[in-house]
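Letters A, B, C, D and E mark the chains in the order given here, with residues in each chain numbered from 1 onward.
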């Protein structure tokens, strides 16, 4: 029972947060919804024995990323809610079509397989703990190359942001 | 061997003359042209007479000459063949061409394109000689078509005149319709006999009478109808009178139009087996003879009367062929050539002196002004009417008698032919009387006798018209002997004997005289107004006659206009709207639907996201339902 | 007694992913579309963690780190793009961007 | 003779490059130089004519490895028929350059395109395998595109695109056929070899043969063009510049018929026997239909274009009949139509240069101001309508004679095309040249000059020569045709 | 240390192209931040960096000849024929695009170095992508490359279209990445697979019948993510907008490099990972190819913007290449040939575009090339050559590639596919010949301003055009190379 509760309560908040992200009018509310989802996810991670990941999730996502989001939201203005009216012709139709197909596929699969994800391997008896040491052990041996490579991605991201958003004074005077 | 080459000489001489005139035409004046062309014609006459004499001495044993291989398989050789039939034609053509050229030197003088006229003229003679001297069907077809070409050139000689140009076209195209039949005939012949050589074909057709012989004959007949201006295809001949009159004399009286008759006699070894063919020939010939005679009665143009008369006389020749009297046909061909050439040249002289007035109602009383011409044309008229002892009598009488002698249904044909003979006399009488005898309506002061260069040929032809008939009388079968070798295996209808022949002769003479007498009574004595006779429907009949029972108009409306409007309709509706329209429609539809489809590309990210999701799901769905996945 | 199996978590992540996708379709604000992408990436992470637990392998958790960094890098670039566009048109609505189409 | 074949492709190509290298300021050099350069292949033809026995069937002479991994070679060879067509092509290119007016004669691009066209058409006739045939078949679109596009008439865009799309639509079928043949060849021999020798040694099942025949023939028939697929031709002719029209009618249309003779029939004979009647029907419809539509055309060039449809219908009738004589006739007619319609288009070009109109009604009585021109035109018209003694007759006659045993009724109908030909040609002639000079402009018009006469004279001589002595051409065609005929006979004999 | 490095398969040569590019980029970054340097110095550094990269690719050939197909870094990096072919192509693209890229970046003034760094980094990412054995590794490489390209698209910030392109590319690209990585996650969770060879081994081990549906869907999602990158329909909608908006000088690079990397990856997955169950995806791929050819042809026919036209033509060409890859070994080899030939034409065309319309421009209407023949004959003729190549006219490489591709498809008995592809070439003639018409045939009224073209650009375009013709005339070498790529799977 606790297991179920441990799953169900965060799951409820995850979905709630996601729905807030999608449906809330005010960008700040959306951001807060996202925070809710991310935090609840961290809880789920803990129940899945991925404690270190959960910590990183809290730090990086709920901390750094969300700060960035909020910062931008503040910068570009909070008080401009979306036009709720659909302006694109046929968009709603297409969306509902998509939804119908999605539902159809899901129903189709459920009817075929039940709510069974048909995982090839049975659930492992061996419960691993996502401790930092275990992760580091793998990360710095077999995953060392991607780990190093990911730094390139960060450089790229920085450079890209620099190139896109940073204005030099010279061009300012030109405007 | 050397003699055989001379056949080539006969054919080539006019061609060389023509080419020479073409090349050096710019530098020649009239005199030089005359010199060249008349001398060439003389040479040609000499050469052909020599050849004729030679085969005469050899008892008309055919001469053959192979020039070169035109096509290897099936072997088709450009070959020539000289026998009695082609010999007669050869002499006739070269002789007449000399006489007519002589006439032309005067008639055509001062024309801008003087040299060109002789160039075409000689080319025509070449084509005609090629036709008659041909040794196989292909060479004959060569000549056949080239005759069409040269007549086209001569008819539309004065091309500035729209009517002349049109007449030339009409002549060529109607001839082509005939040639179409000829061509199909040739296809069947080649398919059946695998050769074009006359002798080979005739020999094999004697041995095994081919099944579709009737069909072959009928198609060849269409060719003959076209060239000889028989019923469905005759309307080009009256129109062809737009050409220079001497040319008409040669083409439309003496030679070209007789090509059909010549061809049918040439194929008589095949023709004799086809009863349907014979019946068709005699039927159409008779019909043509009657219609043309009827049409000739009320024509106003001096040349058109002669043209219709030619058609009618050709009908007679066809009747003869249909009745199997091939000799009679050729005989009539020969005599007709002379008297019709005479008539045409006479008409030419009249036209020349009347300053190109061609309406006979505007003439009259020319006898005094142009005595020689009137006399000679009188001889021609009598000859064509069948008055003995002139040429026309002998030949026409022979035809009538031959028809009669076949018996059965041919009695009916005979009676109708006699009617046609009567009509011939009637309209020819009218023609001559209106021109020369009737009181003139206009001032004729400046009308004189034609120059000597014109009258001399007339006189020569007049002499021939009188005497040529004696070559084949019931008492002396000269022509029959000439053609004996040619018609060796052919069953020729012969004349009845004794009393029947005499009665028939008297009847035909009677028809001729009655016709002339009627003409005199009606047009000079004016018997109708004198006795106040009221003939019902006179005006309608006159109209019918004048318009040739509207056959021409009917043809125009149905075929010319019909073809034009049909092709216009096809060009617009089928070509433009259906075929092209379909192609354009497809491309337009493609572009239109592309434009419509491209609205999907809204430029909005959210649409793209939806497509992304939608199509991902669709693809997954497709994957799931694709065979073998969930099974 | 119902047991919480991996299927439950996977279903949760699938739902989360779908909601994220749906949000991309609905929302006009680039920023919020962007948050939806974050949602979807988190759904992926959840799957990886579940996999790690299910298979008893640590690799799934390692993968999460990389996805996380990618997400962060995307956030940086994405926000930079949004900011630079916002400077132009004073709005973060993507519906105003349809100059190139057809 | 190694290298003899592909030099027919290479020489014009090199010539093109050479022309492009001359600086623009020496524009007066372009034409003499091109004339000289286009004399070279003609000289080569003469050399072959004198030194080689070409009265043979197709002989492979040169071979290049192209895609060795697939075993595909580019093969070139010669036969009597190819030789005739190549000579015709070289001659027509030379003459069309001779007949150019100042406008085109001084343009590098124009001359270069002509040479390129020559190269690619030669390539088609020399090709000894399907792939080089296809390559050159498509490659000739490029020069045609520029010739029509840059130097064409008012409506050239529509016409060019139509031309290209129709041809390409056909050529995809040929490509499909080529690919299919290659695959079959692979299945039997292990390589995708596409040369004619390999293909003729393959044995196709009856259904394969039918499919392949349809694929190839459909593509080629569009090029011929056959009845319902012909609409590109009139438009293309009307809009193309004179030289383009000459070559389009003269040689490009032959490419299709050549392909059928070289590929479709000998290799896929069963298919041919299955569908010959269909092709014959379409050809006969084309003969009559083309002629009927030609009658009412008001544009002389369009009229000749429709007459081409009619004449090429004869070629296709001859081919479809599959008789020895009819096949020979078809090949001869191909040559003849090239000569005649080339000359006709050249003549129309001359008058267009003078008057800048092609409407028949804008002329009338021209014979008075241009007698020589009228004479030449009449001569050519008569050649076109098949007057005995001129070339047009030989081909049509042989076709009709030859096809009669196979299709009695159809060939009889086709013979009526001869009558219609006389109607449209002579009627047009009458309206253009006879009658009075109505239009003022036509009075001042000058007759053909010596340059133009030189351009057209060889064609006139050829018309006369072939008409009088067709055995000459026949001897070149003989072997090719007997190969085709034998393949047909073999199949007919078996069944 | 050496033991560890041996254990994890450490080998610097395998990743040397990436490393070289990163180092070059870092040097540039260093110069930009610290010392004011002349442009020419940076240019030399960049160019030599690219040359060294090419040399490193060459070194990898040496390694390959030594070790054969082998994995490095504990199955993260793979060295096989596909990766070598991909390396060569990417290096070539970088090398050939250097001139337009530099020109474009130079016009950005103060952003030059950033742009160059982004490009070098993206190339390094794509190098990793084609080298990756592990799917996570692949994802990282893909992201490095893509994120750089998102930024590149938007570098011309004063242009609204450029911004728009950047945002669209970014949003949709991220979405595609999400789908891709979700697919990876699904495959992992259901079948415990993360690397390309694992797939083949596992399928061979368990047999195709036991593969869970989730895995299938995961693979499908992976494919969708990659199909998005190659702009295959129905995921093509971003391509025209992005091509149109991005600075013209970059589009050639952006378009070609993504396609090369993604196609190599798709080819490898099809050839290696799912080769035993490729038939299961037949309907899926057929739908994609069909839609690509159809939508590409339809939409390209009505474009007035040349860049959009090329984008849609790219959709069609993607369909072609994909059809070979998903058919079998020989088809894949012909697709590799096709890819090579197509890339050369694409780069050539966009180089010409960037010369004519200015490197930073976004819109490039068809009217802009009106009178090109009068203006610059060389450009016009090369443009025609490239267009003819795309259309597949014989004597260009386009024809050879289409021919061998269709031959192989026919041999695989995919008749319907062949007929669709053939029909699309007919439509292709329509829309490829239209720009040629405008460039060479249509007359211009006003005098044309002369274009300024550098010698190096002449050299580049000239050599690309002659390569296009050369591969059309003598395709042997390239065909043998493309067959070598797949020789292991024959």
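Here is the rule we use: a residue touches a chain if its C-beta (ideal position, glycine included) is under 8 Å from a C-beta of that chain, and two chains touch if they have at least 3 such contacts.
Nothing here was measured: the structure is a model prediction, and the numbers come from that model.
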item	value
Distance in touch steps, counted as few as possible, from subunit B out to subunit C	1
Per Cα centroids, the chain farthest from subunit B	A
A-B compared against C-E, more contacting pairs	C-E
Subunit D-subunit E separation of Cα centroids, rounded to whole Å	44
Computed distance of Cα centres, subunit D from subunit A, in Å	69
Separation of mean Cα positions, subunit E and subunit B [Å, integer]	79
Distance between chain centroids, defined by C-alpha means - subunit A, subunit E (Å)	30
Residue numbers of subunit E (touch at least two other chains)	136, 140, 143, 147, 150-151, 154, 157, 166-168, 171, 175, 189, 192, 213, 240-241, 302
Multi-partner residues of subunit A (each touching 2 or more other chains)	88, 91, 95, 98, 102, 109, 117, 119, 121, 143, 146, 150, 153, 156-157, 160, 164
For subunit C, residues contacting two or more additional chains	6, 10, 20-21, 24-25, 27-28, 33, 50, 54-55, 57, 59, 62, 66, 70, 73-74, 77, 80-82, 84, 94-95, 97-102
Full enumeration of touching chain pairs	A-B, A-C, A-E, B-C, B-D, B-E, C-E, D-E
Subunit C-facing residues of subunit A, complex	3-4, 6-7, 11, 14-15, 18-19, 21-23, 27, 30-31, 34, 37-38, 41, 44-45, 48-50, 52-53, 56-57, 60-61, 64-65, 68-69, 72-73, 75-76, 80, 82-83, 87-88, 91, 95, 98-99, 102, 115-117, 119, 121, 123-128, 130, 134-135, 138-139, 143, 146, 150, 153-154, 156-158, 160-161, 164-165
Subunit A-facing residues of subunit B, complex	602, 604, 606-607, 610-611, 613-614, 617-618, 620-621, 624, 630
Subunit C to subunit B touching residues, read off their complex	21, 24-25, 27-28, 33, 94-95, 97-102
Contact set on subunit A toward subunit B in their complex	88, 91, 94-95, 97-98, 101-102, 104-105, 108-109, 112
In the complex with subunit A, residue positions of subunit C that touch it	2-12, 15-16, 18-20, 22-23, 25-29, 31-32, 35-36, 38-39, 42, 45-46, 49-50, 52-59, 61-62, 64-66, 68-77, 79-84, 86, 91-93, 95
